[in-house]
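The structure appears right after this line, and notes come after that.
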Amino acid sequence: MPENAMVRAHSINRSPEKGQMMDGRNSRKADHVGKQRRETTFDKVALEAARRWKRLDLDKARAELFHQRARDNAATYRRNIESYIGTVDTPVGLAGPLRINGRNGTVIYQVPLATTEAALVASYQRGSRLITAAGGCNVRVLDQGVSRTPMFAFEGLVEAERFARFITDHSGDLNAVVAKITSHGRLIGVRPVVEGNHVYVDLRFRTGDASGQNMVTFAADAVCKAILEQAPVKPEHWFLEANFSGDKKASSKTLGDVRGKRVATDIYIPRELVRQRLHTTPERMVDYWYAGALGGVMSGTTGIQGHFANGLAALYLACGQDVACVAESATGMTRFERTAENDLYASVTLPNIMVGTVGGGTGLPSAKACLDILGLAGAGNSIALAEVCAAIVLAGELSIVGALCSGDFATAHLSLSRGESMNKNG
Amino acid sequence: MPENAMVRAHSINRSPEKGQMMDGRNSRKADHVGKQRRETTFDKVALEAARRWKRLDLDKARAELFHQRARDNAATYRRNIESYIGTVDTPVGLAGPLRINGRNGTVIYQVPLATTEAALVASYQRGSRLITAAGGCNVRVLDQGVSRTPMFAFEGLVEAERFARFITDHSGDLNAVVAKITSHGRLIGVRPVVEGNHVYVDLRFRTGDASGQNMVTFAADAVCKAILEQAPVKPEHWFLEANFSGDKKASSKTLGDVRGKRVATDIYIPRELVRQRLHTTPERMVDYWYAGALGGVMSGTTGIQGHFANGLAALYLACGQDVACVAESATGMTRFERTAENDLYASVTLPNIMVGTVGGGTGLPSAKACLDILGLAGAGNSIALAEVCAAIVLAGELSIVGALCSGDFATAHLSLSRGESMNKNG
Amino acid sequence: MPENAMVRAHSINRSPEKGQMMDGRNSRKADHVGKQRRETTFDKVALEAARRWKRLDLDKARAELFHQRARDNAATYRRNIESYIGTVDTPVGLAGPLRINGRNGTVIYQVPLATTEAALVASYQRGSRLITAAGGCNVRVLDQGVSRTPMFAFEGLVEAERFARFITDHSGDLNAVVAKITSHGRLIGVRPVVEGNHVYVDLRFRTGDASGQNMVTFAADAVCKAILEQAPVKPEHWFLEANFSGDKKASSKTLGDVRGKRVATDIYIPRELVRQRLHTTPERMVDYWYAGALGGVMSGTTGIQGHFANGLAALYLACGQDVACVAESATGMTRFERTAENDLYASVTLPNIMVGTVGGGTGLPSAKACLDILGLAGAGNSIALAEVCAAIVLAGELSIVGALCSGDFATAHLSLSRGESMNKNG
Amino acid sequence: MPENAMVRAHSINRSPEKGQMMDGRNSRKADHVGKQRRETTFDKVALEAARRWKRLDLDKARAELFHQRARDNAATYRRNIESYIGTVDTPVGLAGPLRINGRNGTVIYQVPLATTEAALVASYQRGSRLITAAGGCNVRVLDQGVSRTPMFAFEGLVEAERFARFITDHSGDLNAVVAKITSHGRLIGVRPVVEGNHVYVDLRFRTGDASGQNMVTFAADAVCKAILEQAPVKPEHWFLEANFSGDKKASSKTLGDVRGKRVATDIYIPRELVRQRLHTTPERMVDYWYAGALGGVMSGTTGIQGHFANGLAALYLACGQDVACVAESATGMTRFERTAENDLYASVTLPNIMVGTVGGGTGLPSAKACLDILGLAGAGNSIALAEVCAAIVLAGELSIVGALCSGDFATAHLSLSRGESMNKNG
């Protein structure tokens, strides 16, 4: 849930994510209970949707959104939507093969991308094939952590500073509080930051294979209450989240640190491959990199990159990730250099990949299917999914810059947006 | 198309957007031709998808993505996707009534939001009803313009400065070039910016009712070529886009200016309504605003806001907008103030709304259906759609901050993510 | 005056800057009047300072700050300081020769730099000599303009938007208002920016050879009053400056635009010179540039640069500029590239140089002396002074990066901070 | 020294700062040696300056810069300047009384401010007196630490990640290395940040009462060499500083963290005092705060503040601090709120105060005199000096906003810049 990222949760006895992430022994029983509940809710969800359409009185729209499949799946979405009226379809294309040398050794992926923007899949495919032809890209997840940042307001700075010192001195005790709330989350950092009479507390968590926004909300709530019980000085008011976490926003704070997963990838591409596949040279691509780096900096963007948002939005949408997180994930650093041998070195660093393979929308039918194409559905796969994010983003950076350098891609684009196929391998 | 935002287009005789935006006289003929083409391409698109699934060999995934509806619609997507393998479903909920006092007077909307994140629709609905109960929000589109920013690199600064002066002196001549390319786009600004031996040129366009990234690419290409023909000094190389436009990225440049549409909305809400609907007070909401404003600023975000990305992603996805644009659109300023009468003043300003009601994915079946729910499909409606964006974002800011102040929403959230309905009106 | 940059001026009949910038015919008379006034004020300023020291009762400090020279000059400072107690000394070193190919052709400067930081002058000197050995750097002032940004607050967005439209429609009439206030300032831009019920107005001025913060304050005040008289809708309150101008602050808004003077410089340096003077190679300097560019970006700085602040602070202090403006001036872009011939290309772009050669502290004895060393005292010289700023900053970037690449400079630094001289030319 | 902040120091046997900070027992001997050296260098420094003036051939400038006092003090500056030609004078005014409730209880200061900008001292004085009349401001130094950020470049990401892991695992061993270099500096943090094949290492130090840029440079050099000796994988190249530290630049990284000293101050001011001293109301000042906060954010500045740079530049210059550091210090957060009783709450938070009371320029005659006025010369006083920075900055924010709200100050300003005194207490 994106929302409760900013919501104070009062009753946290039964976390919804716990159900989604419970361990093997109980899952059969849970499935059974789930099925019963689904059946009872089915009529209700579908019936309410039908009632809404009656009020809307738009037959053609109803046919497109509330067709048989949307009616059949109605109950499936009951934990993921309110005021349900149906589903929208987004076409999916496949980009690959994409060869990644990551934590699990070398894996070759076919990457599902959901978009309505012509030429997007073709471009990422071209980049993926280039990477694969060059032997694959190296990828590493460098750091992990999701913040929730409550704020406590005091009468004045003097009290605020005392409270901050208390937190610093007792931060070690707080993980026990979290352990009672979740078996998957873990508190890995507690850092108070004072501004006037405000104390922001950067609570950082590991969230297992879930993206984790819900988990950190519930855990942070428990941590705050434990702090409040013992603190020698009480705040005048406090909020469970006060916008210092970077949630749903590009932030400089994250750029040199982490939110979600910090992941990087790099590759050396021989000039001959650059010529064959991108119809340009490493020198020219480095010329472009300079142009784009300075252009981005002069426009006041966060980081230096070309179009991270395109690939991430398409992959997040296909795989049931929170698409609104593109706002925070589409930041980072692309770097192209010319080697001494006049080949191309390219790297991409993403400090803020918010992905999970359990929880959120990942269990819904379409998302599960796309994760299955990647072979990454379910627990144990979130790091590999972050690796795919980095690699596909690198593919996109290489392809777009190649296109800007050569002009080749334009012809392809015009053909593609007319629905024609291409003869060339681009 | 997000991609060709950064692609140099060589042959621009037949712009795909022209087809989508052609006027009434020709549309019947076009439909006829379109139908013929669709039929011939049908087999091809569906057959190729089937071939891809054969290689993937994943029956369950195939059933979820490439079901009958996805096969039937295959040809429909031929201009919007490559390497098609099917569609993903995203559930849609309805938030409303949302009363807007905008350019067309007062209109009451039901807003379709596509998301898999529990509680999101409920939260926007709560905010929408609050706005409506307070008499609706005022909304104004303040400015319009989409930039494409080519860069020309010279031997040195001396030549760069001479070239920039030439452009400044001849900018008046360039709109004639654009007029030959598109009847919907218009060049409204030409501003060269020199950095060392680089000359970035900020070409700004009106794009009619299209989001316009394609249009400005083709038009900018023509403008650049016209400049190059006549310039007294030639660049060593140039690129059609060099990352100074803010395309697909949160940028400070846009914050005090415009990209796409700059739109704002505001409202006065009596304290009694705040109490009834949000279970808190204007004072406390202003306390939160301070907390969130300083928290955001200390994290180095672009603008001051809570969670613009949530509402925009859900609305863009429902209505066939380019979801990757959330990366640039989810910036701006939320402001809450306490009035002399202790009521609440709230405003939201969005400098970078990228929406269209023609072109891109807006003509696809689901998107068309959602735009029809709003009554905003087709030409003449892009300004009203931007107004809806601002109003729904305001609804979300009010609701989330109310929830953070009162804690009420948390209970609702827990219920909602368990698929239970709520009894209270929250 | 830095202060009144943010101060609303009510009575503007006699601008102090007008006196400082009056033309030749009247200057003798003014000098005469000035001398009379100085004599009468002398006793007062010095006597008051003496009285303050009596209260402080610190003989040793008094001897260092309120020595004979500080007493003698007391009246000289009467327009530049309040509650005067004496003067502080800052040592000045000379960096040069620095060869500049600018607007006035080729000029070779010796640049006075005031600092207490060891090795600073030596480093800028090394860079200056390198530039000179390579034939000098090309410098161009690319744009000029100083903003004052009043803000008008209305009941709501609807009124704000109406007011903004009125300003846009009538901006042409406003220069006449300015012409009555100052013969040196000129209104060159009027741009309203709406945020909620706020209308910020970016009033941009040319300020002749003055830095111009005072001038734009008085002129903006007159413009605002003229607007208020005629506007069809009245604000609830307004402020003469509302922090949107970038005054005394690094701002992204300025980076791709201008505040004060936008000035750039570039140079090609043969690899043999890089080796001889900096004891490194162009390749290695480009390696450093990448490291520093990404490092800066990841730390969330405004622009990409090494240490602009050092040279600018030292030059501003020596030449009577407003040293607080270093906060805004020390932003911009440094770029190093390797040429096809493996030589070094280097450029520096400074969007925000705030310098004047009349007004402010430029007429005080020390400042006048330093400007005389440059040959740039008085009217007609502000563009050349901005050129010196850019060139000395380039010298500093080359030298520091050379030192970081080679390590040579460290030895020099240790010697210098011990007061020993160096044998080598570094 | 600002310079060697970015310089690799090879020979670090005898740190210059060690001499400046040595403990009591040896200081007499050092003074003796110092005196001898000063005498021998005297002729040399002065003679060389005279020779430079001969070449310049500017008698009037020489008289102003190289007067008797500048000749007499020549040797004094030998560790602080190269290519010496004399001194510039900057007038100093006194702002106070300024009452501070800080670490050492309540202290009332008279604050020396060096500037040539009319009305600056008067404005800070007005603010200081207001603070004092309201009972003084509370001030706290919240955190301390100065970073040096070397960067190590590897063949690829795989090696970079391995190196980063090695550093994380062995960070505990590194403080022993620092202990050999300096008795005043202490390594308090080691954080590797990977970007592609780059590893930036954020080395954070406590620097005692010195500003510490030199100290951290020498210490970081030793740390890097220790790392390189033992690391299991060697970099292709490395730099002692790679621009990730925020040195001499406003940075977002520092805003929610610390560089130098993070210091905050706050105060409650009764509305009657606001009326009497600032001729306005708390409500109106909060109106302004909103205007300025949003204005600053829309211009893309780092933090939210009015004119920190003015007070900091004047105080740094008076007290022998590195004036170039104004570029990094003039960032932070000003906050004004209206209390339930309609009084004013005001706070200022400065994350990046770079001050010392030993080393750098603090021992030079003028600086020592100004520190003596504050009673803060020498070891043990840097925290109190940071407190003065915060309090004087708060004074300036209150005064300028008061002036913008009331318009009173403008009259004063005009009088002051004409050298006339004021009758009112403003």
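Lettered A, B, C and D in written order, each chain numbered from 1.
By definition in this document, a residue touches a chain if its C-beta (ideal position, glycine included) is under 8 Å from a C-beta of that chain, and two chains touch if they have at least 3 such contacts.
Because the structure is predicted, anything quoted here is derived from the model rather than measured.
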item	value
Comparison of A-C and A-D by number of C-beta pairs in contact, larger one	A-D
Furthest chain, CA centroid comparison against chain D	B
Same or different residue numbers at the chain A/chain B copy interface, by half rule	same
Whole-Å gap separating chain A and chain B, where each centre is the average of the chain's CA atoms	19
Chain A-chain C separation of Cα centroids, rounded to whole Å	44
Inter-centroid spacing, chain D versus chain A (mean Cα positions, whole Å)	40
Junction residues of chain A - those touching two or more other chains	193, 195, 200, 244, 252-253, 255-256, 293-294, 298-300, 302, 333, 335
Touching residues on chain B, where the partner in the complex is chain D	252-253, 255-256, 283, 290, 293-294, 297-300, 302-304, 333, 335, 337-338, 340
In the complex, chain B residues that touch chain C	138-140, 142, 156-158, 161, 164, 193-197, 200, 244, 252-253, 256-257, 262, 264-266, 268, 300, 333, 335, 345, 347-349
